[in-house]
Amino acid sequence: MSEIWAGIAEAFRLIWSLDEDLIDITVRSLKVSLTALVIASMLALPFGTWLAIRRFRYRRFAISVLNALMGLPPVVVGLIVYLLLSRSGPFGVLGLLFTPTAMIIAQVIIISPLIASITHQAMRELWSEYHDLLISLNTSKRQRVGALIRDGRRTLLTAALAGFGRAIGEVGAIMIVGGNIDQVTRVLTTAIALETGKGDFALALGLGFILITLSLFVNLTIHALSRTESEGRW
Amino acid sequence: MSEIWAGIAEAFRLIWSLDEDLIDITVRSLKVSLTALVIASMLALPFGTWLAIRRFRYRRFAISVLNALMGLPPVVVGLIVYLLLSRSGPFGVLGLLFTPTAMIIAQVIIISPLIASITHQAMRELWSEYHDLLISLNTSKRQRVGALIRDGRRTLLTAALAGFGRAIGEVGAIMIVGGNIDQVTRVLTTAIALETGKGDFALALGLGFILITLSLFVNLTIHALSRTESEGRW
Amino acid sequence: TLRLAVTTSFNNSGLSDVLLPAIHQDLGLEVRLLVVGTGQAIRLGQAGDVDAILVHSKVAEEAFVAAGYGVHRREIMYNDFIIVGPSADPARVGAAETVIDAFQRIAVNQSTFISRGDDSGTHKKELSLWSAAQQDPATFVFWYKSVGAGMGASLNSASAMDGYIMADRASWLNFGNKGNLKLLFAGDSKLFNQYAYLPVSPDRYAHVKARAAQVLENWLVSPRAKQIINSYKIGGEALFVFNARP
Amino acid sequence: MSVSLQDVVVRRRGKTVLGPITLELPNAGFTMVIGPNGAGKTTLLKVLHGVERISSGSVSWSVPSQTAREGQAYVFQSPIMLRRSVRANLAYPLQLLGLNKADISARVTKWAARIGLSAALHFPAPRLSGGEQQKLALARALIRRPNTLFLDEPCANLDGSSIREIEEILREAVHAGTQIIMTTHHLGQARRLADHVVFLNNGQIEEQASAAPFFDAPSSVGASAFLNGDIVE
Amino acid sequence: MSVSLQDVVVRRRGKTVLGPITLELPNAGFTMVIGPNGAGKTTLLKVLHGVERISSGSVSWSVPSQTAREGQAYVFQSPIMLRRSVRANLAYPLQLLGLNKADISARVTKWAARIGLSAALHFPAPRLSGGEQQKLALARALIRRPNTLFLDEPCANLDGSSIREIEEILREAVHAGTQIIMTTHHLGQARRLADHVVFLNNGQIEEQASAAPFFDAPSSVGASAFLNGDIVE
């Protein structure tokens, strides 16, 4: 228990001392997770929306698959990306293994199903509202997806933030594909795992609290930018 | 690459041979994650709904905190639960450390914010539809939450499934509080992590594919039971 | 049942898979293994969450006993560390006379080297070898990769990066992703790796199963254990050497 | 129950949507709130009912506000359907009152018959036609036997004979002691039903009078323009 | 464009909501679809427009269906507002047509003025009053200058003078060559506007005729009951 207090104290100490390594790791965490978030959003928001407006035969099955993919174990994703990017793998020549790029790829795979699934759910509601109008206006599939994303952007925020949360807290996959190499691919979560393994729980907790603070900060910023709560619906 | 095929083959072999250990591990995975899901849903669905209908001063901040908690790194949750349940911690006397119960506790903490956040988002929409009517009918807060959950149950499915996905694929926290003890607290994800550490990628992937299949199966079952897609909205 | 915290390298060797059934058979004792990093194993012992630990980091172990967490330290067996690297062996480690020489070759050649970087017994051993070779890892540049991970994960990294790494023999033999890696150097007495068993003190934590821990200890130093440990082989090679004094 | 408004103002997005309004409403019969689109009729009804936040002023009922609310029911301009069956929609307000199952069932059956939806009891309410939804919303309000009933354009989507039926039901309710406060764009309906008229324009009350004198000779310029502007058939 | 329906049937949840209907509509002027609540008017309009799936039969326009759809606009019974400003709601159909900004801006300004919402251009459309939303939906349909316009109860929530204005706008559109197919419960309005009447009851067409003969002497029993059942003011 006292360890938890020690962790909080450690977090303050770390922030206070503005440790250079810490800043480096924190910035890298943010860069990797935000890049993954942007890429995953660009894929998953339109895809989830598209799924909400399309009716096809295996739709129910497709949605189940999407939901099941939310449960992709990070370690397995890490492993597959590792095998694909390793020297002997098909993309070995690119030399991406153990780089932040590899970590981003793994995170995109992990968070895209989550974002797409939440998007799909949020968009079904809006689509049932807009359905008749958009069809009547003779819009193309593309335009429908566009209109839904535009007008549902506030509700899509939760999807994106859930994705970000999963990315910033994830460790299993990026450990495998990033390798937790000091100064290169070490991020907050892998550092936490490392300190835990070393038995330095206070430091691990300190880093954890910093991560949560960071996450809170990103959330507040995004909320402020989008003024989600400003005036109820719309 | 060939490793991935080997993994798929391994998955089939494992399933085919109906390995007793495998069944044991799989059942444990399901038990832990489903129990965590049920408990987390009982907490998070009403809470997320309540947050959607309540207007209070620090609402925006509370929602940001909730969203930030979605990014709780599992390792940190694991550590904190460990410290609390440890013999030298406040709940040490319960002797819960390194038991499935401890794993469930950790998973509840990890998935509750996710479920609550998605619920909140889904419920805002329905609340804006029901708002006037429920207020006019003089309902209590409790009754409002009840009506929203009842009528929005289909949309809450995504929240629950996202939570399940996160739980079943999670490894960092349950590794720390469960200890990955053979026959006692070993589940699919920790087994995967173990095999990855041994460099036995085919087996790790095989277990991974089994996990995904399991997850797909649960999703299809839940979808079928709730007939989500049966007849559009309502 | 008894809870025993062990290091990843011990578990990765696969020895536990033959030891635990034998223990169960002989003593009717169910041993639950917690596989964690060395530091974490010691912390679990300090918190009284396990009944005994089996690790390989002498300094830390002695401190553990000195601080009153452990009853005593009982040496059980040893294996050795080895240097593994790309089969092309650009630093010509294979031709080194001593382990110091091997380390110096790697440093001079600036060949990719993967370090556990996790304060584990293996990592501490590696650091001590660097300093014996009059090298300071803090001054190493791009070629020295501190991966901060367990033995298996570090081996995976080495395999993917085609780098040199110091590993314990057991983990190496049991490792399934050797790729282009090859055992290049072994046998120097400096690479000796002693495993010790430390029961947690019942004076400190009344709930620890001291009797069971004692029973297990007696078994671990028995001729029966000796026979099992010494005859545990992978690919015809013995992994551990029993050296407990009865 | 009688109600009085004292200097009530509703401002939204910097715009005064309603007010300042000072008003005393009679406590029985039909009060018709009429006025052009966007005059603030809906806002006024919601303020009276207490579901719309007021920016300043006060609303007071002759009984404690909690008691007042309990006896009120409201039919919104665009019907709000619970995403349940017709039956469940009708039963919901009764369940809230804690009635027993047999009672609920009896009342539901009766009201479903009165609005001609007996055959659709197990049909999802949000899928009903526009007019059917409006009738259902009305029945759902009346089923709890409110002492005050707010109706916001309750007949907008109804056909002629439905309107006649609904008006009959409303008259009965008034006879039984319910006070009805409603808006309508249907001047014919207003003439047929109103005991008392409130004419709203631009968020302000321009005239308030008994029905007969108002329709015969409105005293305000706005009201007479409104009555003449209407297409009288 | 003229349209014909051949044995069209719409079944939902095992119930025949519409049909079988065989129908040929004239290709100009006002066609009024009237009938009691739940008769299937909305369903028929949606079938004609092609947004409601039919269970059997066929709908054919005199031009290829894609061309037909492009020239059509529809105002739904309960207005669907995009969650955007009034301005953006009006501009959206024009953006879809790929008009340039200046053009869009000019047309939007003109139409906002015609429906009296010039002051509310930047106001969120879903917050407008019921009548204002209905007018906006109508303007959003007319702004693309459709050659066929479907209106489902477009005046349900409008005040008298707004109805007059809207009817004026609709007459102009018909003069300019637009064909209008609309439903209304307002028999007065039907009389004023209709060139042609389709009387629906229980999902079936009971009578179809030119307006004058229909209103003077309906030939079907249902239609005359409907006309008499209506409260004629």
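When the chains are written out, they are named A, B, C, D and E in that same order, and each has its own residue count from 1.
Everything below uses one rule, namely that contacts are C-beta pairs under 8 Å (C-beta built on N, C-alpha and C of every residue); 3 or more make two chains touch, one makes a residue touch a chain.
Fair warning: this is a prediction, and the values are worked out from it, not measured in the lab.
Q: Using the touch definition up top, find the fewest steps from chain A to chain D.
A: Tracing touching chains, the least step count from chain A to chain D comes to 2.
Q: Using the touch definition from the top, what's the fewest steps needed to get from chain B to chain C?
A: 1
Q: From the mean C-alpha coordinate of chain C to that of chain D, what's the distance rounded to whole Å?
A: 81
Q: Find the geometric centre of each of chain D and chain E from their Cα atoms only, then give the gap between the two centres in Å, rounded to an integer.
A: The separation of the two C-alpha centroids amounts to 27 Å.
Q: Report, in whole Å, the distance between the mean C-alpha point of chain A and the mean C-alpha point of chain C.
A: 36
Q: Quick check on chain C: which residues sit in contact with 2+ other chains?
A: 36, 150, 153, 156
Q: Two or more other chains touching the same residue: where does that happen in chain B?
A: Those would be 89, 196, 201, 233.
Q: Hunt down the residues of chain E that sit against at least two other chains at once, touch-wise.
A: Those would be 127.
Q: Check the chains against each other and report every pair that touches.
A: Pairs flagged as touching, ordered by label: A-B, A-C, A-E, B-C, B-D, D-E.
Q: Applying the document's contact rule, which stretches of chain E touch chain A when the two form their complex?
A: It comes out as residues 46, 49, 51, 69-70, 72-74, 76, 80, 82-84, 92-93, 96, 124, 126-127.
Q: List the residues on chain C that touch chain A in their complex, please.
A: By the definition above, chain C touches chain A via 36-43, 117-120, 145-150, 153, 156-157, 160-162, 179-180.
Q: Which of the residues in chain A end up touching chain B in this complex?
A: 1, 3-4, 59-61, 63-65, 67-76, 78-80, 83-84, 88-90, 113-114, 117-118, 120-122, 124-126, 128, 155, 157-158, 161-162, 164-172, 176, 188-189, 192-193, 196, 201, 204-205, 208-209, 211-212, 215-216, 218-220, 223, 228-229, 232-233
Q: In the complex formed with chain E, which residues of chain D make contact?
A: 12-13, 35-38, 42, 77-78, 123, 127-132, 135, 152-153, 156-164, 185, 187-188, 226, 229-233
Q: Can you tell me which positions in chain A touch chain E when the two form their complex?
A: Residues in contact with chain E: 129-130, 132-133, 135-139, 143, 147, 151-152, 233-234.
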